[in-house]
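In order of appearance the chains are A, B, C and D, and numbering begins at 1 in each one.
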Amino acid sequence: MKPVKRIAVLTGGGDCPGLNAVIRAVVKTSIRRYNVEVVGILNGFHGLVNDVMIPLNEEAVAGIVHRGGTILGTTNRDNPFRYAVEQNGQLTFEDRSEQCIENLRKHAIDALVVIGGDGSLNIAHQFHEKGIPVVGVPKTIDNDLSATDYTFGFDSAVTTATEAIDKLHTTAESHHRIMILEVMGRYAGWIALYSGVAGGADVILVPEIPYEIEKVCNHIRARNERGRKFSIVVVAEGAKEKGGQMVVQQRVEQSHDPIRLGGIGQDVARKLEMCTQMETRVTVLGHVQRGGSPTSFDRILSTRYGSSAVDAVMAGYYGHMVALRTPRIEPVPLTEAIGTLNNVDPEGQMVQAAKSVGISFGD
Amino acid sequence: MKPVKRIAVLTGGGDCPGLNAVIRAVVKTSIRRYNVEVVGILNGFHGLVNDVMIPLNEEAVAGIVHRGGTILGTTNRDNPFRYAVEQNGQLTFEDRSEQCIENLRKHAIDALVVIGGDGSLNIAHQFHEKGIPVVGVPKTIDNDLSATDYTFGFDSAVTTATEAIDKLHTTAESHHRIMILEVMGRYAGWIALYSGVAGGADVILVPEIPYEIEKVCNHIRARNERGRKFSIVVVAEGAKEKGGQMVVQQRVEQSHDPIRLGGIGQDVARKLEMCTQMETRVTVLGHVQRGGSPTSFDRILSTRYGSSAVDAVMAGYYGHMVALRTPRIEPVPLTEAIGTLNNVDPEGQMVQAAKSVGISFGD
Amino acid sequence: MKPVKRIAVLTGGGDCPGLNAVIRAVVKTSIRRYNVEVVGILNGFHGLVNDVMIPLNEEAVAGIVHRGGTILGTTNRDNPFRYAVEQNGQLTFEDRSEQCIENLRKHAIDALVVIGGDGSLNIAHQFHEKGIPVVGVPKTIDNDLSATDYTFGFDSAVTTATEAIDKLHTTAESHHRIMILEVMGRYAGWIALYSGVAGGADVILVPEIPYEIEKVCNHIRARNERGRKFSIVVVAEGAKEKGGQMVVQQRVEQSHDPIRLGGIGQDVARKLEMCTQMETRVTVLGHVQRGGSPTSFDRILSTRYGSSAVDAVMAGYYGHMVALRTPRIEPVPLTEAIGTLNNVDPEGQMVQAAKSVGISFGD
Amino acid sequence: MKPVKRIAVLTGGGDCPGLNAVIRAVVKTSIRRYNVEVVGILNGFHGLVNDVMIPLNEEAVAGIVHRGGTILGTTNRDNPFRYAVEQNGQLTFEDRSEQCIENLRKHAIDALVVIGGDGSLNIAHQFHEKGIPVVGVPKTIDNDLSATDYTFGFDSAVTTATEAIDKLHTTAESHHRIMILEVMGRYAGWIALYSGVAGGADVILVPEIPYEIEKVCNHIRARNERGRKFSIVVVAEGAKEKGGQMVVQQRVEQSHDPIRLGGIGQDVARKLEMCTQMETRVTVLGHVQRGGSPTSFDRILSTRYGSSAVDAVMAGYYGHMVALRTPRIEPVPLTEAIGTLNNVDPEGQMVQAAKSVGISFGD
């Protein structure tokens, strides 16, 4: 194996708090610990296909550990193996991976660090299979990646959602209302589960546990009878009724309309208002969950991930992702991380603890 | 005028941060400064009609200065002069004001402090005209009350909205997107204006300045051409297109559907996405703006209002409201406060400053 | 008067939240509204003496509205009219104002915007008297400048101190302790007064109201007897005992030792622990009060100040400072602002309201 | 083993964020899951010796998940096995454990949940050895307890310290200063290490890694030469110079003077100011680190701990403590937790990552 002299780093998929802290740690560790140069690829795989790269020195990453977003930019689209090209008004998909490999060679890049979620790490894995030395860093605010205790960004998203629940509590209490908070989580309900427990919610609806609206109603009615005249309901955007369909799925099928908000939140609200006869209000947090300064937890995790990713590169752990196996960061094969989602276990300790403190999942 | 021995206090209308700080100051000032007893009326005017009152001593209000909500509860409904009564499945409205006056007499209450917005202060004024010694405290997160520099709760709502814009900024920047934030403000655009300026928004749409979507598009396109590939748009729920109708008004007419979210936010989003061809996302803050711990500004204002309200009672300023005339709190006749809305002045300094720093109002 | 084509801006004195928002507004307003160029002078008057300036365009100020500190740097020293020069190990003071004027001429600067507190605005005034077209912007976290309702930075400092009090409350309550918080305020007690009221403190000690430790003890003992087994004491660094000397003054005389912390805080703590026999703990907030993202209130005020400062320049209001006369920003002569401190009025409404809610000032 | 019908719970030692969330989870889980009654013991072991107990039902713990402090009160003193008694002005120590056991019997308490740190868990262990069915919950903001991945309260303390560093950053940058933050950590440097990494500090001094002031100076000077004209230094209160003595130890020996602040912080400040010739400022966070609303991380951990503690009681895991073995909560013998401190490993991954991103430990 030839010695590593230059590393490239990119951020892929939806942005999340901590990306800059990872980038900073990659750059600082490369330069300080290993005397290795770093190149930043702009706008995720788009920049890799189109050869948009910038050198990253220590000055470029100074003072960014606490900043949200990513100084490299990112995009949800642009899979190099299935790259969308418009021709004569028609969209076709092409494999541009060779072009990427050529770009890496042109810049004499010896290894690639991909910071991303399931989608980006999948692409990273494909590049690895084509011989590119790749190391992944697990990122998703949804915490739905397998093989790691936590992804970075998740704690920040939970914190944002929890703060919203705290605020809804005071107004719910004052008005004897049902307050619904729709949070992110299309396939995994971690944000709803964690923020719901942290915020002292009364009902949590997650994709992994289909709910019956009647049971939710009964829970709220029972609270009323005990004199608790308000309820907080946290709904993951991917929650679904038992026997029913995921509202968000319908949405996806209906021509990808990300602007249409509060599908599930509104749906639950209407039904609860009808059966409980209580005033009900909905908040849809949306991308606020992706933004802002990362929590200290996420900054530390991000810094460790970034630093360990470079260690993994230098130790030749290609095709691996750095993963948190508390208290250690360890390299695990990308194949362990991708493919299977890390879902909320309906029988797991966390859901059981939530039920013990009186939270209903509508099941 | 007979000496005041016992004061009653109630909170009316939508809840907002600072209510507890006012109640606490009313109680402490009454007891400590004037040796006057205080009674709390529960759930706004509902409790006055139905005679639900509790004594309030210092212990009852200890440690609540920083808590959101109201320990007395509140409601948007239940106007004693037009009290909704259901009879044989039919809703009729009755004047229950005499019953209220009787309840006040029964409890030997010498003066009433009403903490509320336009609606509640109107009712307070009506009671004053019927001879009840009333003093008002101006409350509304919308800051749309005349005769006072600021209402309490407004600074907290602006702070919550500004934090959301800060978070949207990082994700907008990373993704080259348009981010839309719909905030409260049905008739007055203060929250949108203040949070938009504080958050460094690019576009602010308020009810007082009808917008042309084409001008908003042009502004965003011009930003793109200067290399600023993202834009933040803050929309008051009552914003309306020039020549068009307020989306929220339609909503109100269409059978009061408060659950249906993001009317105007989604509308603007669709149109901007179409004309700019940029990805657009919407967040609807909703009642999160009403909740949470009040800012230090609001806690101070609330404490001063509560204390001054009792001073006003003791000095016989009945039919008055305490108002901030910076740096002083002064009693002003309720008639000055109610009836005319405090609206954003399209030619005022604040809007001009916003335009000077490059913000478009779509006009 | 010749037309203004180029403005210079500098930040002087201690840094405070909102400086960047002012700079941004100066730059944007100059360029967008008046088509005027802006030059930034680095490190306060040091840069003016030594000719360290940079051009400021819109890109230079993009995305800084929410950032603490100042992109231009600042310093507490380097008065051009009394400039410290070291020669042969000896410190002498020289008048370098002509050199400054020469530097302004060299760069064809038509007007100077000085963002600063009493010291910097004094220097600004002296330059004005020498014929330099100067406009001031009032900045101090202490809020001790006359002629304006508020200086920017103050609300942020109060917010930071209030958050600290909120945190001390929970631990004080749990342990039955006296918690002392020493905050900034050498000559004016505004931060202590505002944060003390907002945080629900039990005792506030400010320079303007000399205290008797015995009265503070009695207040805390009386609380204990009522069952409130803890107390929060907020002390301005310049607070002084009746008949005694300001501890901070002694400190200043004793060779300027800013590292020596908690002079007054510790002094009060020892005495209270002795007379109440309660465990007592001290926190010294220090420069944390100067840092961090400005509150929305300060961002709005800063933006308005920056924008209005340019308006004042273009309208020829030289020798003036922009001032908040709620709700307007207006130019006032610098002479009104400097010289007399804006002190807490012991008989004013704010102190009276604080006393009404049970706060002792030890007087 | 006789069936458990009634559990008692107490909080011991210094308070920390999350105590109320544990108490709430203990109460709710006991009542809802196991139909078991709960009794709260006031003010730690003091209440156990003196028989001060209150019944805890669901209403008593409603709405406290987000509140700092402990509704039960706590104290650092009052070890029942060595209980301080004043007699004729003389302090003697007596074993009052039998009295405690008698009190438990009198109230028909079948099991005791002790929420505390090393000291309290030691006492818990002693009671267990005397036959009392005890389960522990690991609490310390210092995170210095063995046998668990994290104690609750630690993440909140780190968050508070990180926020302070963020604020110091902006003022340090603007003024070209050294900013010193003294944080808690008498024997273990976790808060300093975590907050230093999260806040992007330049130097971290912890008890486990004795520092040489000359190396710290060199590090700061090297930064200056690279154009980074400011530095942030985080110092654990128990940090010590190589070859020297812990400043805090001297303090402890010198008659327990907890009021005397900033021992180590000031010491480091003076030396750095001397050798770097840079202005240096100190902040001493003090008990602010113990207060405030717990982070979402701590609320979740606390809720899980509280719920699991009751599970452990019901399953008969006496003499055990619930511990986080990510992602599970498991009972571990108290003997594993007490006695050995969980210290920062100078060769561990975390310190290495910190060094990789350029942080100096002065070693």
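Here, contacts are C-beta pairs under 8 Å (C-beta built on N, C-alpha and C of every residue); 3 or more make two chains touch, one makes a residue touch a chain.
Because the structure is predicted, anything quoted here is derived from the model rather than measured.
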Next item on the list: Using the contact definition stated above, find the chains touching both subunit A and subunit D.
Entry: none
Note to self: Need the graph distance between subunit B and subunit D over the touch network, please.
What the structure shows: 2
Notebook entry, point to check: So what's the Cα centroid distance for subunit A and subunit B, whole Å?
Noted result: 35
Note to self: Taking the mean of the CA coordinates per chain, how far is subunit B from subunit C in Å?
What the structure shows: 31
Check: Quick one: subunit A and subunit C, Cα centre-to-centre, how many Å?
Finding: 41
Checklist line | In subunit D, residues with contacts to at least two other chains | finding: 166, 169, 173
Margin query: Which label fits the chain touch graph of this model best, line, ring, star, complete or other?
Written below: ring
Item checked: Which chain pairs touch, all of them -> A-B, A-D, B-C, C-D
Checklist line | Touching residues on subunit B, where the partner in the complex is subunit C | finding: 24-25, 28-29, 32-33, 58-59, 62-63, 65-66, 149, 155, 158-159, 162, 166, 169, 173, 194-195, 197-200, 226-228, 293, 295-297, 299-300, 303-304, 306-308, 310-311, 326-329, 349-350, 352-358
Next item on the list: Name, in rising order, each residue of subunit A that touches subunit B in their complex.
Entry: 11, 14-15, 17, 19, 67-70, 73-76, 160, 163-164, 166-171, 173-176, 179, 258-262, 265-266, 269-270, 273, 279-288, 290-292
